[in-house]
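Pasting in a structure now, in structure tokens, and then I'll have a few things to ask.
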Amino acid sequence: MIERLAFLWPEIALFITTCVVMVVGLSRSTGVRRLSALITAVGLAAALVLAVATTPKAGQFAPADGQTLFPDLPVFAKTLFAAVGLLLLPLLVGTVDRDDEREIAAGRRAFDPLRSNRAEFYAFYLFSLTGLMLCASASDLVWLFLALELTSLPTYVMVAISSRRHRAQEAAVKYFFLGALGAACFLMGFAFIYGGTGTTRLNVIADVFAASGINPIALAGLVLAVVGLAFKIAAVPMHFYTPDVYQGASPSVAGMLAFVPKAAGFVSLILVLGTVGWTHGPGGESGHSLPESLRVILWVMAALTMTVGNVLALLQSSVRRVLAYSSVAHSGYMLVALVAGPGDGSAASNGLAAVLFYLLAYGVMNLGAFAVLASLVRRNPKDGSADEIDSFDDLRGLCATRPFHGWTLVVCALSLLGFPPLLGFFAKVPLFTSGIAAGEYTLVVILGLNSAIAAFYYLRLVQMPLLEKPDPTTPVPEPVGVPSRTAAGLLSAAGAVVLIAVAGSLFDQAHRASRDPRTVAPARDAAGEPPAAPPIAARPE
Amino acid sequence: MTTALAATDLGSYLPIFLIVMMAITFAAINIGASLLLGPRRPGETKGGTYESGMNPVGTARKRFNVRFYLIAMTFLVFDVEIIFLFPWAATFSNLEPMGENAAVWLARIGFFLFTTVVMYVYGVRKGVFKFD
Amino acid sequence: MPTWFNAQLVTSALTIIVMVHVILVTCAYLVYFERKISAYIQDRIGPNRVGFDFGLPALAFLKGCIGLGQSLADGIKFVLKEDYTPARVDKVLFTLAPAIIIVPALIGFIIIPWGGTWSGVLHLPFMEKPIVDAGEVVVVGANINVGVVYLLAVAALGVYGVTLGGWASNNKFSFLGGLRATAQMISYEIPMGLSILAVLLLVGSLGAMSIAQYQFEHGWLVFSQPLAFVLFYICSLAESNRAPFDNAEAEQELVGGYHTEYSAMRFAMFFLAEYAHLVTGTAFLVLLFLGAWEPLPFVTIWGDEATGILGVLAKAAIFMGKVVLLVCFGMVIRWTIPRLRYDQVMMMAWSALIPLSLLVVVATSVMVYLGKTGMGWMLAANGACLVLALLAQPFMPRALSNRRVPLYGSRFSPVAGEAVNTAPTDAMALEDRPVQGTAALR
């Protein structure tokens, strides 16, 4: 029991940081209050180091202490979450209390802890990341459920406090109620799985499924769980909230929402579907796939999610709604790889690795797009009020007027599109290869078509800042006064370029993390080292 | 001795049913008797809301201070915690002192209490416990 | 015969029927005691006229009786008064609230083992064989093994009646009183639960009998957990909404609080529930800390040995006597200490009692872990807690406003160096003349 703590050091670091931030952020002294972002960063960095250094790898723990379906998943996923979390932090800086702090600094108002949201904002962000990491180390359905709720509950509040507008509150309430629906759905699913198998431990569930097949109750549970988790990843039956929430929340929080719940959803999906395994029935060349009913559901979900997301994104005039629908579409892309499963052991056929790597890439490049929106305001010439930029016209000629922001947007949009030399391309290729390897040719064709549709709106995001002339009649968008957001955008754009260099090794890591030990024929040596991944050339053609 | 005294079967809960019935009957009889036996002389002024002789302005169905909600929420945190602590308290002293099991449980509950203390400190800083 | 129908059930039923009446009569006479005590404290005489003669010449010798008939007269009066329902109240809830408050108040006491263990033998001296021989049973309303949790749960239900009464009255004073009472009761429930926890940690069981047994073996818990005892006593005073914590019905501020609009028996229900809560809470206190039915500390006379029916009666009498003594002590407190201000009451719960009780729980759990649960060790731990609390006290949150501010012209807190004239200064006040407009009345 105590040994399970070995998985939890990053979470413990995050939790302690949360406690500190919660108290520090409410200090009467402005200087101390300012520290909360820094403390958050330190905690995240500590979590990153701990995730790499302390998380047990395959063979280093007993099956009672962690799940053995994907024994190397925790270390990869936690490192990924901590890294992206660290990258998201500068984007989130200054979301709450900026106006209040300005008034307090000017001496117009005294500090009132009841009105201040800074402590809660960072604390909830850390709570959310803690839940995200707990998802990755879940070995039990109850644990998984609690972790998912810990991930999503703080985000509801973060949406509500991210902006003083009523729209934010409306978005939060909408998000909360639909989130509760989703949670009820997958909790019901987990309960059914428990009813069908008599256990909540993922390993044991997998053994039961392997030994005695999937009975109808458990299958109903799996379906419910998948549908409920679709809310977290904004996939089709549960995607309705996405545009409203992304538009209602401040762009920085929307940037976070595009990554954190999605990552939690996909990791949970991998774990839940991992209990079934992709070892049922014919599935193209690898000879295996999910049980037919689950495969069909996921197949339809993937196809619809991609198509709905992309087609609706075409019709939007608000950039944030475009990004929201594109986030739906990206979930659809990842679902294709999820249908394909871990493949035959080769890296190219490993769809789960493709999902994990795509999460990383998406987290990095999507952040830049939101960072640009979050770091610029359009000042109304009449009354001097600042308004967030949200329409395509606001981006006109941005590369000329605000080169940092403009180029960030161009690079990120191209990367999101999957433009060849950028990170998005390298992330998208494995989706295709794994789909083809699993024999899902139709789905891969739909994926290709959708990538083409996506080009329409992504290229508008490139064309507006790069090719259009700035409109001389409207004022140039001004920086919002939080330089760290610009920095976050630049980092993201740089990441979309630089990470190409290490994309191969990163993908190998993802491949190692997501190998299903049952399909890979575990031939471990005495030291417990996993066998090296078979070279791609050895893939059976 | 202890086993003889600690009844565990559901039959030992039957008296609770009895006393609940008795209490409800007691309340019903008393209130009913008073309604039946007492005089009845309604009046317009008499039927008005008593607010120290002033004519009441509006109803009492109004919004009230948000502090009460804050107290209620903080109470929930503590109360749920206490409920979780009861089973632990009832079994903790039966563990071997200084043993490994006891240490684990002390650490767990210590962490549990620590989270509550953090909540408390947060509440203090947030001004939840300011009642003036 | 079903297995659940056994000697214990019959004993329980009998105990319940007897104790309900005992408690109701006790409550009635506690009102009398209260009036007497308050009268003596305020240098009055108190009720001394009503006897049991009912105005009948034949019963004239029952006149007087130092006013003992007062409680009966009050009860009859409550039934015969007009039970008025104001026009704007929520009719259903207005009737339901008194019932909702009296039910939890009356059902809590059943886990109290008034008479300890009874041998189950009823042997009259003039008879050959015992008329009852049922084996050992516990003289308790319900011999359940989660007694403490049951009592806490039931006691917490009392807050509903208060809230509903305040809400249903549709009266701003009532509503405020109900809100205040609710906030106060839930606030003091926390230190109460935590101090019980400190006791349970030592006892290691949730059953009422186990708590009594522990005290027979290891000495009364008031000596090993004095801080928990004080905390529990303060909380039980505050839970019953009585002075010095009676902000819910502070006359100067809220008329009568949540029962402003109530009259006749429905009002009496609130009144009775308050006293029944008091009796139950105090009985719980006696059970937890004061050795249940043992008359003296450090001397075990009966312990948990089974006794005959006379022993059971003696034990119950001692138990009840302790309860009444403690309740009377509570009355002395009520009529001695002035009411705390509402914010002070809440401050006391949240920034003094709760941290202190948490500290006591932590200290107790550490002592239990170390296996040092003897009285001396526990006293040392309590002393350490007290010292820690005193050291931490300056850093605890405190009210920053609402303190007494120096005020120009105030004779209570004058501005420094100010000479205050307390004599009347107004010309009108100095003049000796009748109040204007009264001439017409003469």
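For reference, chains read A, B and C in written order, and residue numbers begin at 1 within each chain.
Throughout what follows, a contact is a pair of C-beta atoms (placed from the backbone, for glycine too) under 8 Å apart; a residue touches a chain by one contact, two chains touch by 3 or more.
Computed from a predicted model, the values in this text were never measured in an experiment.
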Most centrally placed chain, judged by C-alpha centres: B
If chain centres are mean C-alpha positions, then the most distant from subunit C is chain A
Could you put a whole-Å number on the gap between the CA centroids of subunit B and subunit C? 15
Distance between subunit A and subunit C based on Cα centroids, please, to the nearest Å. 56
Centre distance in Å when subunit A and subunit B are each reduced to the mean of their C-alpha atoms: 42
Multi-chain contacts only, two chains or more: what residues does subunit B have there? none
Applying the document's contact rule, which stretches of subunit B touch subunit C when the two form their complex? 1-2, 4-16, 18-20, 22-24, 26-28, 30-31, 33-35, 37-42, 46-52, 56, 59-62, 64, 68, 71-72, 74-75, 78-79, 82, 85-86, 89-94, 97-98, 102-103, 106, 109-110, 113, 116-117, 120, 124, 129-132
Would you pull the subunit A residues touching subunit B in the complex into a rising list? 1-2, 19, 22-23, 26-27, 112-114, 119
Flag every residue of subunit C that touches subunit B in the complex, lowest number first. 2-6, 8-9, 12-13, 16-17, 20, 78-84, 86-88, 95, 98-99, 102-103, 106-107, 110, 117, 136, 138, 141-145, 148-150, 169-176, 179, 182-183, 186-187, 189-190, 193-194, 197, 200-207, 209-210, 213, 255, 260-261, 264-266, 268-269, 304, 342-343, 346-347, 350-351, 354-355, 358, 361-362, 365-366, 368-371, 373, 397, 399-402
Tell me, which parts of subunit B touch subunit A in their complex? 104, 118, 121-122, 125-127
